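Worksheet: the structure to be examined is printed underneath.
To keep things simple, chains are lettered A, B, C and D as they appear, and every chain counts its residues starting from 1.
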Amino acid sequence: MKKFVNEVDNILSESLIGFGKAHSDIINVNLSPDFVSRKNKPNKDKVSLISGGGSGHEPLHGGFVGYGMLDAACPGQVFSAPTPDQMEAASNEVYHNKGILFIVKNYSGDIMNFEMASDMIDHANQTVIVNDDVAVEDSTYTTGRRGVAGTMIVEKTIGSLAETGASLDECKNFGDHVNNMTASMGVAFSSCTVPAAGKPTFELSADEMEFGVGIHGEPGRRREKIKSANDLTKEILDNILEDLKPNNNQEVLLHVNGFGGTPLMELYLLFECGQKLLEKKNIVVTRSLVGNYTTSLEMAGGSFTITKLDENIVNHWDSPVHTSSLRWKI
Amino acid sequence: MNGIKIFDSIRNIEITINNHKEEIEKLDQEIGDGDHIFNILRGLQELLNLKDKLVDETSDQIFKQLGMKIMTTVGGSSGALFATLLIGMSKKFNPELNDLNNLSEMFYEGVESMKKRGKSDIGEKTMLDVLIPVSKTLINLKDESNISKVAEKIIIVAKDGMLSTKDIIATKGRASFLGERAKGHIDPGARSSQLAIEAICNQFINN
Amino acid sequence: MKKFVNEVDNILSESLIGFGKAHSDIINVNLSPDFVSRKNKPNKDKVSLISGGGSGHEPLHGGFVGYGMLDAACPGQVFSAPTPDQMEAASNEVYHNKGILFIVKNYSGDIMNFEMASDMIDHANQTVIVNDDVAVEDSTYTTGRRGVAGTMIVEKTIGSLAETGASLDECKNFGDHVNNMTASMGVAFSSCTVPAAGKPTFELSADEMEFGVGIHGEPGRRREKIKSANDLTKEILDNILEDLKPNNNQEVLLHVNGFGGTPLMELYLLFECGQKLLEKKNIVVTRSLVGNYTTSLEMAGGSFTITKLDENIVNHWDSPVHTSSLRWKI
Amino acid sequence: MNGIKIFDSIRNIEITINNHKEEIEKLDQEIGDGDHIFNILRGLQELLNLKDKLVDETSDQIFKQLGMKIMTTVGGSSGALFATLLIGMSKKFNPELNDLNNLSEMFYEGVESMKKRGKSDIGEKTMLDVLIPVSKTLINLKDESNISKVAEKIIIVAKDGMLSTKDIIATKGRASFLGERAKGHIDPGARSSQLAIEAICNQFINN
């Protein structure tokens, strides 16, 4: 394993300290329990948004703490859900009288640890569960779908609504709404290497890809031969559109997310493939986001996320945001 | 039951799990995300570090403190679940009962708490496929006087439970995302639970 | 080679088209000759800044076209300098009466092609050559040092000065000044794969790194065993500081740049190593930038860049910028 | 000299370079950035595509157009340099001279332009270590009547030049960044230039 690291056991804390120093104008980093929180507490009463999850998906979630987005983020060990005391401490730090909204990706570990936190804190709190990954079946008998790159869109838009002073219920309902309007799917060309493991999670041969991969390198729908970007795009978008069932002339946000090891050049090429295909289907891409936002360490590959836009979503997407990894109009 | 015995068990579990490190790692890489072994080992290490501090406490206090430690240091699904198990167990501790009776009741309570926490039950390809049968068997055998016999029986039940996860489709946990694809793979949590239980049981057989 | 690609020969143009669509609010993409230019021409007279170079370093340079930074960028083939007709066409597009300033990384190919462009255009023009890489010797008898991650700092700060209506000479002098105040050095853990080649440029064994690597995967100072992040940081910063000779209590910008294949987690850890070490040496990090800004496709590794700050540089660093990859206060 | 002959030479160069594709790629990967072979092949392909359009033009026009094409399609160091060579050559074309005389003068002019463009000279581990000796030899032999003999001589001079790059330290081009480390490696541009010259010379020997 070749990484910038001193002791493998300290990689997370050293990285968090560096993150805190690099962005000391907007965030604080607390260690043991680990959480990232906004430096300048909003002076108005607002719902406090807290997200979190295993590390290794940076900039998700710590990179989205700041004005117009999250109040706090709780990073777990690499690919392991954070512990409830982190969420408890973060809640105490960022509570502003209107309650706490947890934003949680739909994985057993995250759900259970956030539930335990919810039981532990005295503040009113609710949870938005993000499950945008259409690669896996959604059935009432199972855990359902995974939460992937759509999470940051949910975080951005609720973050904006919360800034307006909306109530906890309003924020919760809007979050569920954005989640319903959002679907994602990805493909991996290589594995990532969890630092503690020191070797790749899986092996793909030179002409194989993992179709419908998860953001922890979990297997997806199937392993198959690599395809052209156009063919991949078609297959992924067909799955997403089948889920979202957009109307004719539906306006959408198209997000191409890199998993960490794929150059921007390819991500923009993928965006072009997606935009072209959507245009043919009379779906209008009016907002776009291309880059590494929800990663799996250094995994090569990427995903498409589409959010169907309505006036509310688009306004809350466009509004000012000032975090270390998403910033505009401020 | 006392602090020395509890920490001896943890030590034995840690040795056994360490001996199967690669195997468990691989199981979670195949149908999960590969962190299970690190979660488990981190938790065990943290527990062992508590020995000096807790060894003289009452058993219910020890279980509770161990549960809290797991809860605040492990994370992931297994952190939440094993913390729930231990904290659940601590609640039912009754110093008036003999060890087997006490442990059976405690374990039953712990596993029931896990089922609630995980919204899960037997047959969903999780560690509960080991822990529920073990819990039931313990209740059935709680008045048995031959501890060694109980331990031998539990070892078999745990192993059967673990093996049963191989051919079912997961409906809970990360493997549930895989549908058919997880078939033929043993659940990592079931394997680590089974190994832990076997490690404890062996203590009683060897004695 | 596993990449998101349709035809290898079209990777650049498809990617550029996607780039143009994803950021159609701020930039235009012109094909044949290829260049990226600002969509909203500034209405005041200003010096026009044009940069360019081989592709494969994204977001450099196209990602830095926009308000407060570049007026145009000319992307060549992967790792090949652009051709003079690109710079000529870009010059014609973005000229605003105060002359053209070319910002060129110090490579033979770039220097020669930009010189040819300079000969071809009628507008007054000057060139700032960036050569911040201390990994290679600077001697009057050779081509000197390479231009690497410091380039975007030069682009950001001249970009800001140009917005104020400064003259061509002022911009040129300030660019040279920022370049003199800036030094960089990097290390690679893996190679990149040039799409046309289809296989990695070089091979490193499991415990080797290329110390002082270039941003095209060219060899650096030496190949050696990997080291801890702290040891690497020390070695790199010693080289940089020897070049910059900062005063006691010197304020600096510390930039940790990823080459593309290294997760943010590690880059922040590297930042922490760097900041700690500088603090010990009484060098004060007052500005920071961490991320993948000057990449070598998917190469794993990263570099440190330090810019000694004075009042001018810090003001022009802090001023508003609105490009696709660097945006603040606007 | 006429369009047919010029495009025949380009065709021959392209065949030769293609035959040494992997070798040239490797040379630039070792001490450069690996793009040299793609730059060269892209350029040659673009030139061959111009055949129908240019074959009937005068030779000076052809050289100029070929140079412009290289200039606008190749990029990198070699794009700038070879464009400069061809455009420089076109300027000295004199239809009154015989082919060898004409070519010698043209080539000399082209190489001089390259030296200016690259601010470089012989002994700096570049393609000029091939092209300068070739240019000088051509001038010396420009009145020789046995073309085949000239061609044979040029082949040797080019090869010596190419080999000479192996053991010098580069002071120009990308290899100059490597200092001592580039020693023992042949310069990629020197190798491709030498192969191109050999391909042309072989035309004259075979005839």
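Here is the rule we use: a contact is a pair of C-beta atoms (placed from the backbone, for glycine too) under 8 Å apart; a residue touches a chain by one contact, two chains touch by 3 or more.
None of these values were measured; they are calculated from a predicted model.
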Shared interface partners, meaning chains that touch chain A and chain D: C
Chain C and chain D, separation of their C-alpha mean positions in angstrom: 32
Distance from the mean Cα position of chain C to that of chain A, given in whole angstrom: 29
Centre distance in Å when chain B and chain D are each reduced to the mean of their C-alpha atoms: 74
Distance between chain centroids, defined by C-alpha means - chain B, chain C (Å): 54
Residues within chain B bordering two or more other chains: none
Chain A, residues touching no fewer than two other chains: none
Topology of the chain contact graph, where touching chains are joined (line, ring, star, complete, other): line
Pairs of chains in contact (touch as defined earlier), listed by label: A-B, A-C, C-D
Footprint of chain C on chain A - complex, ascending: 2-6, 11-12, 14-19, 21-23, 55-56, 58-59, 63, 189-190, 206-207, 209, 226, 228-230, 232, 256, 260-273, 275, 285, 288-290, 292, 295, 297-298, 300, 302, 327-330
Complex contact set, residues of chain C against chain D: 33, 54, 76-85, 107-109, 112-113, 115-116, 135-137, 141-143, 145-146, 194, 196-197, 201-202, 214, 216-219, 222
Chain A-touching residues of chain B, taken from the complex the two chains share: 25, 29-35, 38-39, 42, 71-81, 83-84, 117-118, 170-174, 176-179, 181
